[in-house]
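Chains here go by letter, A, B, C and D, matching the order in which they are written, and residues are numbered from 1 within each.
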């Protein structure tokens, strides 16, 4: 079933002539219950897929917002059991496909990825696993039919993009990094993002989702004609931090705005 | 007249079968008037000769007591005019022979040593002028018939003592340093002092005075059979510091005790 | 035992490239530039020029007779990297990387630093080759190595204190990696040890191998034979790799000394002794981590060893048994530092003192007629304040 | 121009021995030991052994191309005494004196120190040759050179803060002389510059002449001819004398640079420029003094130049015109230090920065095709705190 889930997300969005919207939340921030509640709010706002981040001590691809969220979760003792609990609950309550974003070392520490599958995860995003490493983790994920989402960056050469196109797991999409930098909100979408999307489109058949720095509806509109989906993390987490107890309502509205802005 | 002054001090003391007692005061400490008054007290106590020290910024041969006295005087702006004033007054009021102790650099800064002579100085003690330097200052002093008092130390070789005996100015005595170290009170007279006095006596015809570390009557008695005079500085200055306004009386008594202790 | 990694930078099962995609092209570019440079006699001559005329290479191999006599065992020789310009082995690497940076047409440098020695060494070459430079340093290290912070600033480098995580070297590397991702077009990240993604481990080891090459010919000249044992401290592992590598094919024993901090059962930085394989900072290697793969905070009095990772080649050497990895506590290091200081008049870095402590122990064990070469990776000026604090706090103690 | 003093240690009308009688026999003994040693090939070989294997001599002569280019004038060469073990030229002298001390059968050392470099160098040889050691340091210098105080302590030396007078180098020397008078039987006083009573000025200059001897053959080898100008900072004058002496008979111009502190009309330490002959610390030489012969307090940001006296041979060289003596303010020195640091990556001592400032000026004046050799007498680690304070205080200023 997982195999078709991601594919159908993009198929449905394409049919609606809009981008798939994929909000990102850190498991356990501000609490297990809140993460689940916020995921439900995303779903209510029209999100197509939920990404859950496994809090990690050394998130090298993340900017201050997600670093802080990870740290808050870790400080509250969010560990493997709690992350699995969040994944299970989010899947169950939202009914949406769930992707797990985790740095490699956390996954390497699991003898068995089965529990992820059991929790309903339908794919893995591993920010420190580039194409070059045919690391054992790929084999293990593939055995469970868990696609590993590849990244493309403005610095990726055409040759590399072609290689991504050739080697991408069935049912995966490409995570297109919109800028040179780590996660975190940016004023506007960079030219680099559009260039990358264009080059990727020519070389990759799989859907393209844009992430890193997408701050809100304007950014979504800016890429709506060039991509198939957007990933929004820091902007969402900043919003939750700002809103406190009223976060769920605000998140639902924000996601709805993103979905709206994603129409072509 | 100066020529015979020092000689007659030792001759008189020898005739009394006692040591010549030579107190040392720093010019201008605690004030010009006080220095003069204290010198008078010394004279009243029976001193044979007064030594006046010219306060200097860098008194390398002196221990803490005389360093501090020099510093007090300098802090009170005691300069050349004030030192000459002290010398003149001491000479006039006590009627005793006056020796000037000064570091070399101060004397080198005087174009003319005449004013010293005029102030009644009858000899020079220069702690940083050893036998080796036939410095121009000797020539200038000799031209004024001002003997320069040579030092002998426990470390002086027999050969050096003989050389002192050979080259000593007529009418000078030898300043025998009682110990390895700088000025300042010591518990007892060192064996080194007695050894030096014995070696010096065999090689030098001139009178021998012991200084550095002579703390009181006991120390004076200890050298009374081996020397011809004693120089007492730090002990006297410490006494003045301790006694404050009653210093003159105490000084007179102290000097009297020293004179008494110096009888053989 | 392969002495070079495969094309992907794998040392057996260790090494590789585990970084965000954004960096991959820069690593490819660096790998290409490095390979070309090492085959280019002009580049090698230039490297040799700066090593000789600027750093002051060859560094001395000093026969520590007084210490040897005091210990009463094997003859101890000190490879005096502390006499290099800037005071540690780190400059061997930064000169090489700066020359490569110029070759790649980049003109900005960033670096992480723990003890500050690599930061100073990077700031130094940045000044020398007129490049802009920013150095990331854990806020805790900024405090304990303030001397080096000021040195970097006087060299014209911007020092950025990193407040995240344990506020030490690990976090400085995180931040430097983040900064590199954002600036990779015109900026080279000068990694300071044999760690990070390929080609860094091999490249840094290559630039540091001058230590072992010199030591090898010096000891042959001085004693007529190879040494019995090599000893070096292991933080990321660059001074150790630089000393060891040229002796790999020889019958010479080797010990890498990690920081046991307050003890292996308390807070420490003994990655190879107490960690397990994982991925940190771009490479697979031993890592100090908990059961669930969270990286642990390391602890060492010595800022340069205070790191929960280690270069991948060391992981291979450990697994293959070619090198033994020992550890040394803060207290043992301080007392070795003082002993060396007071017998030989050489005040070494706290990092190096870990190697000295092990060398002293091994000298006793091996006994006379054997020879030990110890890498004195740096000088101790940077550590005197921290030592002072340590000695004050342990006044009653057994130091 | 005599290049050696007479038997009494007189350089023309300067030099000599103006000390308490107690010390004279020790000076005789030292003079005899020194003369014998310099004629004894075993001693010379031993001195050479320690210079080479321990200090790291020869020190580099480094062609500072980047600085030269920046200035656009004469070619500047730096004699890198900062790369010596302990970080300054001072060790050249202390090794020599320690070997002499052993030769005389003494086993305790005392020394004065200003910047702390001579104290560290003495503490170092005391540790190396297992001698007891006490170093006197002005309380003000203890404050501004705290790094070096800790280094001495870690080397096992007792540091005594001197509270008298200006609490700087002059007062430390007074106190060391007093201590020597009290301990002369078993103790050698390791004077740190070409000053003090005979034979110190000649002896220290002899041990430091290795600087000029090396520089002479290095520059000949590098450029094929002698340099046009030598520049060195002058505190007591030992690094300058060491550089200059081997070139005295050559057609080479020389400048000694004194500290002008806050300016020659304010507080300074420009003894040769603004003093007059007098007697201080055992020798006749130029002295900063008032009309009545009281010694004035010197002022320099640089502790090692903060001295109102100067070695007697420099007084002779000044009077004869063989050497020109210039001066450089605190501000000029700081700005030269930063310029050198940021163009060449070399962070030199504040003392040495005085020479660098003058060299930069002269390079401009002389123009291309000329060569200047500057003595980089020490490294700047010891000064970063003081520099920091200075820069903070002059934030608004023109530095």
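The definition used in the following text is that a residue touches a chain if its C-beta (ideal position, glycine included) is under 8 Å from a C-beta of that chain, and two chains touch if they have at least 3 such contacts.
Because the structure is predicted, anything quoted here is derived from the model rather than measured.
Upon removal of chain D from consideration, the remaining chains are partitioned by touching into the following groups: A, C | B. Number of steps on the shortest path from chain A to chain B, with steps defined by chain touch: 3. With centres defined by CA atoms alone, the chain at the far end from chain D is A.
If you average the Cα atoms of chain B and of chain D, the two centres end up 37 Å apart.
Averaged C-alpha coordinates put the centre of chain A at 66 Å from the centre of chain D. Listed for chain A are no residues, as none touches two or more other chains. Annotation for chain C: no residues touch 2 or more other chains. Judged by the touch criterion defined above, the protein chains link up one after another in an open path, with no loop closing it. You'll find the chains touch as A-C, B-D, C-D. Interface residues of chain A facing chain C in the complex, by the touch rule stated above, are 56-63, 67, 71, 74, 79-80, 103-110, 127-133, 135, 150-157, 160, 177, 180-182.
Across the complex, chain B is touched by residues 8, 16-26, 164-165, 170-171, 174, 177-178, 181-185, 277-282, 284, 287, 289, 291-295 of chain D. Interface of chain C with chain D (complex): residues 53-54, 56, 60, 62-63, 66, 80, 83-87, 123-128, 130, 147, 150-151, 154-156, 337-338, 341-347, 380-382, 384-385, 387-388.
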